[in-house]
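After this come two complexes, each holding chain A, first together with chain B and then together with chain C.
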Partner chain A sequence: MAVKEIDARGLQCPGPIVEVFKAINALKPGDEIRIQVTDRGFLEDVKTWCRKTGNVLVSLEDGQPIKAVIRKK
Partner chain B sequence: MTKNAIIMFSGDFDKAMAGMIIANGAAAMGNEVTVFFTFWGLNLLRKPGKVKVKKTTMDAMFGSMMPRGPEKAKLSKMTWATGQMKKTMKRKHVQEITELMTQAQAMGVKFIACTMSMDVMGIQKEELIDGLEFAGVATYIGTADESTITLFI
Partner chain C sequence: MQKYDLIVIGGVAAGTKAAAKTRREKPDWKIAIITRDDDVSYAGCGLPYFIGDIIQNRGQLVVRTPETLRLVHSIDVFTRHSVLSIDREKHTVSVQNTNSNEKLEFGYRKLLLATGASAMRPPIPGIDSERIHTIRSVTDADAILAGMGSKSGRAVVVGGGFIGIEVAENLKHRGWEVTVIEMLPQILPPFDLEIALMMQKHLEKNGVRIVTGACVQSFCDKDGGVEVATSNGAFQADIVILSIGIKPNSGLGCDSGLELGCRGTIRVDACGRTSDPDIFAAGDCASTFSVTSGNEAWSPMGSTANKQARAAALTLTGTESEFPGVLGTMIVKAFGFSAARTGVNEREACESKMNAVSVTVPSDDRAHYYPGSEKIAIKLTADAETGELLGCQTYGMGAVDKPLDAIAVAITMGATVHDVAHVDFAYAPPFSTAINPVNLACYVMQNKLSGKLESIGPVEANCMIHSPDWDGLLLDPREIPEFMIGTVPGAVNIPIHEFPTRLAEVAAFKDKTVIVVCNYGKRAFEAYVRLKHHGFNRVKVLEGGTKFWPYELE
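== the complex of A and B ==
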């Protein structure tokens, strides 16, 4: 399993979600993305993004930055 | 695949930002996104430099008075503060309008220029950016009909 680290700190909407999308396309099923984001909207956006795209939100940690782990379906 | 259709009627900077953020966001959700640029919105597709094409006097006049490309677009309110708003956005790391448009196209968002508006405004294909399709209302309706979201901006 590959893990792709993304530092999206400082990026504003829709930057972080665009980064997640680009990264997931380059991965294989089961691979994971670990991302750090400072845009507050991401906390809700990442949930919706995973629900709509069918990828798995493994963990989501609120803070500065917000940290999320997403697994490709 | 989920489809989304956006009509970009306005050429105002703030509305273009909204339209392009939504287009990029929708593409990032894995949706098939089409943006129809019509009327004032057509100016967002213009190349920044002057392009040599044959025009009538009226078309040339219109062309020279309208903004060439998104960098020339102004806020819909407080137009005098456009420069200040852009500086603030830059400081806060908001992506720039041209970058959002390029990124949208790179993510597969389809840009369609309305040919009737082009004719009315005297804008020719050569004056517009690359990667466009050219069509009319039937194409929009055809796409909007199959879309889950359709917006008029």
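== the complex of A and C ==
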């Protein structure tokens, strides 16, 4: 399993979710993305995006920054 | 007979303000406050938060006690005293002590009526149930708290106005199941529909049930609770809060032959004088004026009461002072979502046939990277020709009061959007954005007034795309993942960077309406400019974007 780290701190919407989208396309099923984000819109966006795409939101931590782990389906 | 220089009838906001101001102007006057209530000078606006346990101590709601008024201000305070009548000729009032039933007579030189307003209790069958409460005084709040006890249960709030929404939020805080029943098609009637719908969505997200367009037909005590029968079904409640409106307590003024004004208020001039030059009125029982139209108006707000009472106190002590009236400024917050308004809204401008233009402009309330930054939307309404500001509504999870207050000042001064567009507002990341939200909203309005931007609000857009005649295009120019997260139902996605190669796919819509939708409207405007350049003639930006879209996204 590969892990892709993304630092999206300081990026405004839509930057963070576009980064996730690009990274997911380059990964294999079961691989993970670990991302750090400061844009608060990401909290809701990442939940909805995972629900709609079937990728797994392994964890989502609200803080400064927001931290999320996403596993490719 | 005891004689006073000033007798004030009523002791909440206007009454105590007028008495205290009179004392500062006239250290030697004999002043009395007469009230039928137990308390004076309490913060009536704080009552919902007292029920919600946000304010835990009853004493915090009381600004001044009768003792403070007596000792510090040398004002005689008669609580639990009811004024039976006024003899304008003899300059006397006859009063009854409601504890002892003793009758008294006092003489006055000047009289100020600050009798307030009362909650409406229409003659609906079963309305006298002891489980049905109104919320005006601290005593009302005491009764509600006693009725709630320590357990949680089901509450029905009748009326989705400002107080109804605040009460709903606070009951929910206490762990109660809450249903709000509103007779009109929307909650918060002083706002345009999309703003009321955004608030409704937010309340529902926080577990409050909202039923609009429902008329209460009866109340019926049943199984230890109340059944509330409405035109939209029946609801079971352990407690009912009625917040369907108030009416001015103008009975005493009316019985004394004073002229009445709009909505049954006691008519006063800008200085607070009634039709009797020795009798003044202020606060919820009195009329005022609309600053924008100049018409008589009623503004039963704690903020208005204080200003009106100050002007009246100055005038009756010899310094003629005018309170010119109100803009109809109001603000409300529930579960972190706030909405504020001033001046006229789009619906009111349309109803009074003003030649007005409105535009909604979202913004960050402070630098987007600064912790705690939240989104707000500013909806401006301005004169289509001159750009004179007519009204403003602000809403969202962020600080909405700051831009609203700035616009309230601008409207009061008769400013245009062009004047306000360049105002030097305070900026540093913790406070605002480099392009201040008010400056930004004015820029967008300037674009709209000059024809550089054509845009459409969400309510009109929703009507348009659901109309059987709709043959236009909803275009989403955002990146693919954003489109996937949520867009307006029916939108087609062509990311803006793919325009050069993909606009041919939608060439059939060059002479049809194209509504462009993005998160907030900014990228939609970029797309708008490009589409216009490529020969699309009827392009409109969706104001507020998906983030302030009050309906479902897909």
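The rule we apply is simple: the second predicted complex is superposed on the first by the 73 of 73 C-alpha atoms of A that agree within 3 Å, B and C clash if a C-alpha of one lies under 4 Å from a C-alpha of the other, contacts with A are read in each partner's own complex, and residues count from 1 in each chain.
Rule of thumb we're sticking to: a contact is a pair of C-beta atoms (placed from the backbone, for glycine too) under 8 Å apart; a residue touches a chain by one contact, two chains touch by 3 or more.
As the structure is a computational prediction, the values presented were derived from the model and not from experiment.
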item: Which of chain B and chain C A:T53 touches, first, second, both or neither; value: both
item: Which of chain B and chain C A:Q64 touches, first, second, both or neither; value: second
item: Which partner reaches more residues of chain A (counting touched residues only), chain B or chain C; value: C
item: Touching partner for A:R40 - first (chain B), second (chain C), both, neither; value: second
item: Partner chain(s) touched by A:P14 [first = chain B, second = chain C, both, neither]; value: both
item: Chain A residues contacted in one complex by chain B, in the other by chain C; value: 10, 12-14, 17-18, 20-21, 49, 52-53
item: Contact set on chain A toward chain B in their complex; value: 10-15, 17-18, 20-21, 49, 52-53
item: Chain C to chain A touching residues, read off their complex; value: 368-369, 371, 373-375, 478-482, 484-486, 519, 547
item: Parts of chain A lying in touch with chain C, wherever the complex brings them together; value: 10, 12-14, 17-18, 20-21, 38-41, 45, 48-49, 52-53, 64
item: Touching residues (chain side chain B, partner chain A) in the complex; value: 21, 24-25, 27-30, 92-95, 103, 107
